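Lettered A, B, C and D in written order, each chain numbered from 1.
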Amino acid sequence: MEFSTLIWTTIGVILTLCVYSFLYKDNPFYKFAEHLVVGASAGYYLVIYYYNFIDPNVVRPVFQLEHGGQAIALGGFEWWMALIPGLLGLLLYARFFPKIAWVGRWPLGIYVGGYAGLGISPVMQARVIDQMRAASSPLASIVGPGEVVDPFAAVTNTALGFVIFAVMTYFLLAKRHLGSRGIAAMIGVIAASAVVGYGGYVVLTALSAANVVSTTSILLVVGLLGTLAYFFFSLRHTGLLGGLARIGIVFLMVGFGASFGYTVMSRISLLIGRVGFLIDWIGMFSS
Amino acid sequence: MASSMTRFFERFLKIDRRWIFLAIAIAVVIPFFAPLGLPVDVTPPVQRLYDAVDELEAGGAPLLLSIDYTPATSPELEPMSTAILRHVFEKGVRVIVMTLHPAGYGMAESAILRAAEEAGAEYGEDLVYLGFQPGTSAVILGLGVNITNVFPEDAYGTPLSEIPLMEGIRNYDDIPLLISLAGWSASEAWVYFAHQPYGQRVGGGVTAVMATDLYPYLDSGQLVGLLGGMRGAAEYEVLIGRPGSGARGMDSQSVIHLIIILLIVLGNVAYFATRRQRKLAGEGT
Amino acid sequence: MMRASLAVLSILVLSLTFGWAWAQDELVLEGVEPALSDTLPPDLIPPAPAAGLTAVDYVDNNDSGNKIDLSWTTSPDDGDGAADVTGYQVWRSETAAGPGDTLAFVAAGQAGYLDETAEPGTPYYYSVTAFDGTNHSDAVSFGPVAGARNWFTATRAAVLVLVSVFFGLVLVFTQLAERGAKLFVRRIPGLNAIEEAVGRATEMGRPVLYVPGIGEIDNIMTIASLTILSHVAKITARYETPLIVPTARAVVMSAAEEVVKEAYAEVGKPDAYNRDNIRYLSDAQFAFAGAVNGIMLREKPAANLYLGAFWAESLLLAETGFEAGAIQVAGTAMVSQLPFFVTACDYTLLGEELYAASAYLSREPKLLGGLKGSDWMKVVTIVLIAAGIIMNLVGADAFVEWFHTS
Amino acid sequence: MLRRRLPLLLCFIAGLFMAVQYYVPHHSVQSAYETLLLWLQTLLAFAFLLGTVSLIRVHYHKIRNKAADRGFSLVMFAGLFAMLGLGFFHPSHHAPGSPFNLMFLNVQVPIEATMFSLLAFYVASAAFRAFRARTLEATLLLVAAAIVMLGRVPIGEMISSTIPEATRWILEVPNLAAKRGIMIGVGLGMMATSLKIILGIERAWMGGGD
């Protein structure tokens, strides 16, 4: 193994340990690494921006009349097209001179407005239209063609169908029929919820057996409806909307649970990566 | 008796957290020296991405791989770039590499150098590295019009017109598949600005933190496949039959997940046990 | 002393690396040599021609009349058996007479080509010949065909309609709010939780800690947080409960100062305002979290409110606050941080609830307009999903296809 | 006029043009669009570097004012100048495997990667000391989290094959539905903000002053 690789890696190891010293408590070694990386990354970004963008797209076309290996004419269209945005870009730095700081707003206006305008339609397509299209497909399934339906999903989907119909009915009736009317009304409402829930369950099972609508599709739509209901602020959360919002919060919490698990996984992966790095470094000496 | 139990739990909850840190550190190190060799199953989002790459023709239209991750998330994403590059070089699929993040520049370069050296891939024929361009959405949209508008030259200053691989490659029409590896919103930007306007097929590799949020894009087909975190990389390594640093980490991951679940359970048991006691004592919660 | 030596040490380490790196050898990219291969034997018989050439104006999302789509039936000598054809040559001319200029060479087995270089509105004549490496077959021709200049991408009509509907809703509600119409927004339960927490701190005679996140001042979560801060400051001012606001951005600190000072003045307690309680701690994420944790342990606030943009530091803050036994209320639209807040805090405002709370409190037209517009657009979305399901079930493909925009 | 109206007007024109060109394939519009895209890229490149200038100013002032922690500001400058030196003046700065890149890979990468890996320890400690199933919501969340955490590591499969199945169901049904709802809500918020910026209703980007 090359000596230079060992030196470089050892620098990395020392800096890694500096950062880990923060676990004991905040200390100068950690602060050293923290400030070093702030400076180094700023320098790195500056160099990368210069060589990848500013040099080939602004400096060379304007001063050396060359762009992407092609010669361009001084004062020609391409020359102006490199010069104007370059000058506009420089105007951004007017903010560091209080007297003319306002000049920096011109390029900023183009920049902020341009990016705002670019995003609108693709976001509508990606986050609304295509999601609507996916949500309205009646035979969504978590198994692809040729895969085996796993028993867990089949059972859970239909069972949840029951729960959802029951909860909805409960909230629908609870507003009007509960309150001060006592135990009898309560039992009545619960019984009605159970009956409707079972009815829903039967209908769902039949539909999915006949391959008209899959239970997954229905759950996805109900979950989406519930989530949107939870984030609907123009009406009070009572009655049907309240029921939907309750269902929504259940879906949201399970979704956040998944995020939680994955986030924990992510953090641990980062630690594993660093530990792997340290162990490989130790391994360098034995080879 | 109950009170001694409670007292134990109270003291237990108050232990210096540096003991927990130490336990985690030990738990993560041990599997490196005593591997459990647990098997990794492949899940559909990974399988779909693998299939999409596997369908590419050797020497045909290239894969565009955007290595958009930064050092902070590299332990999760670097195994992905390594696995994907090994896969394409083994199959003889040509690949164009680029990045949307300045810090991705160095990450991409080191990934390419390693993989190309290992597979004996030739620069300019089997792969080309376009480097970095700023402006995320403007870059992605620009590539749909004409790649040379955005990248007049490759990362090392060679005009694209002089690179054999780039011959006949004008825009997304000539690129059957695009994969972005990122620990930030780059994957979504590729969906917005390459898939939506140009119908480009986009696959993603992201940190586990972001993976669950992208599932709706998988279901709707806006993403052809998704690698989520180190586990996603491990699955891809299984598919190409070359276990790497993703698979190596799965043992430690298993052990620590168990420990964390255990800690949550213990913490809750201790909390509820002491809370009842506190309630009885009239202190409230 | 120690700092100085640290600086010297760092410069020393760096200059050593630097100088040493300098001495390293340069790495050079290897040049690329194209390989030549020409192994076809000479051949005197031309292949049979392709047939049935057609050319149509090709329309897609990015077409301005410059694309013509060609298709043909491959030559009988292409593929199975003869395998004589090596490819097809595509020609384009502006007159019916000649083959014109070579446009492209297409590999054997291909039965089509997309011309993307047509001048919009110009009629062209196309012809295709089969080629075996030496000889061309007879040409098969088609024409004239011209690409039409397009002013509207019809495939994206659905996007335009939905964007217009949504923006219409936002603007109408903004106008209504500006004219003073009473737009109903339900009270967010999280606001009650915040008020209860502040009330509890007052009872206990301990301070309230309000963290507005580590976002910049132009982050909409930070802006929403400052609105809620004003509300909280009015309550603490009334009861003269100390309000500590640690910030990670200098600009956010000065904005927070303004907000709190104004709130104290508004309830007639300008003297109770303590400038030292609005603090700038550090721009660095972990250093900031460490400093806030220090405040929690030393000054023992009874209520911790985390509202704004949070990243990984959410975990560190919520854990220490929980340990210290404070009532905690959080709110952020950073989805990846919400799970930690939900499990470690007493109440959490989820995502859009943060904005809704700020619109509810401030009644500012631009906030209300966005909120109400989004609300009713969600209803439109649900209606369209329902319609989509029905249309899918009855097989009304035209409706479903209209929303296929990419 | 030049100070407030012109920037708002430029913002309006650029925004409106970029929004409308999406529907107009005519080449006159598309070539203007291609030009503006390049301009936006250039402006972003210059804007990104504003942060570097601010950074230098802050640390320069710290050193000049003899602030208590100015030693670390020197460390920052050492890192900055080392990178700039290797990047701009080293003879092989622009080739693969250059010392510039080695410094990136062995200084910047280890520090940044390690900083985020600290969170693994904090998650573990918070798991024990702060994540409580105090409400129905939190309980649901923690149960789902535990299933997913087990289901995504090989050991979960060994305990029971139901765990990975349940994990997949959680991810592809309830998680998907909830995230889709959030996705739509957030998307609408993004578009509303863009609209307000283009129309000059939202002008926080202009900063204060006249």
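Note that in this section contacts are C-beta pairs under 8 Å (C-beta built on N, C-alpha and C of every residue); 3 or more make two chains touch, one makes a residue touch a chain.
Bear in mind the structure is a predicted one, so any value in this text is a computation, not a measurement.
A.B. asks: Ranking chain pairs by how many C-beta pairs touch, which one is first?
C.D. replies: A-D
A.B. asks: If I average the CA coordinates per chain, which chain comes out farthest from chain D?
C.D. replies: Here the answer is chain B, farthest from chain D.
A.B. asks: Please tell me the distance, in whole Å, between the geometric centres of chain A and chain C computed from their C-alpha atoms.
C.D. replies: Roughly 9 Å separates the two chain centres.
A.B. asks: From the C-alpha centre of chain A to that of chain B, how far is it in Å?
C.D. replies: 14
A.B. asks: Once you find the CA centre of chain B and the CA centre of chain C, what distance in Å lies between them?
C.D. replies: 18
A.B. asks: Which chain C residues touch at least two other chains?
C.D. replies: Residues 2-3, 6, 10, 17, 24, 29, 61-62, 156, 159-160, 163, 166, 286, 335-336, 339-340, 342-343, 351-352, 378, 381, 405-406 of chain C each touch two or more of the other chains.
A.B. asks: Quick check: what residues of chain A touch more than one other chain, meaning two or more?
C.D. replies: If we look for residues of chain A contacting two or more partner chains, we find 11, 22-23, 32, 34, 36, 41, 44-45, 48-49, 53, 57, 115, 118-126, 128, 130-131, 133-135, 220-221, 224, 228, 230-231, 252-253, 255-260, 262-265, 268, 270-271, 273-274.
A.B. asks: Two or more other chains in contact with one residue: find those residues in chain B.
C.D. replies: In chain B, the residues touching two or more other chains are 21, 24-25, 28, 44, 72-75, 102-103, 106, 133-134, 138, 141, 145, 156-157, 195-197, 209, 212-213, 216, 219, 231, 253, 256-257, 260.
A.B. asks: Note which residues of chain D are touching chain B in the complex, please.
C.D. replies: Contacts found on chain D: 22, 30, 34, 37-38, 40-41, 44-45, 48, 94-97, 101, 104-105, 108-113, 115-117, 120-121, 123-125, 127-133, 142, 146, 149-150, 152-158, 164, 168, 171-172, 175-176, 179-180, 182-183.
A.B. asks: Of all residues in chain A, which touch chain D in the complex?
C.D. replies: Touch residues, chain A against chain D: 8-9, 11-13, 15-16, 18-20, 22-23, 31-51, 53-54, 57-58, 81, 84-86, 88-90, 92-93, 95-96, 101-102, 105-124, 126-128, 131, 134-135, 142, 150-153, 156-157, 216, 219-224, 226-228, 230-231, 248-265, 267-268, 270-271, 273-274, 277.
A.B. asks: Could you please specify the touching residues of chain C with respect to chain A in the complex?
C.D. replies: Interface residues on chain C, with respect to chain A: 2-3, 6, 10, 17, 20, 24, 156, 158-160, 162-163, 166, 184-186, 188, 284, 286-287, 290, 335-336, 338-340, 342-343, 350-353, 356, 360, 371-372, 375-376, 378-379, 381-382, 384-389, 391-393, 400, 403-406.
A.B. asks: Report the residues of chain C in contact with chain B in the complex, numbered from low to high.
C.D. replies: 29-30, 32, 34, 61-62, 114, 116, 335-336, 405-406
A.B. asks: In their complex, what parts of chain D are in touch with chain C?
C.D. replies: Of all residues in chain D, those touching chain C are 22-27, 30, 69-72, 74-75, 78-79, 82, 85-86, 90-92, 95-99, 102-103, 115-116, 118-119, 122-123, 125-126, 129-134, 137-138, 141-142, 145, 182, 184-186, 188-189, 191-193, 195-196, 201-202, 204-205.
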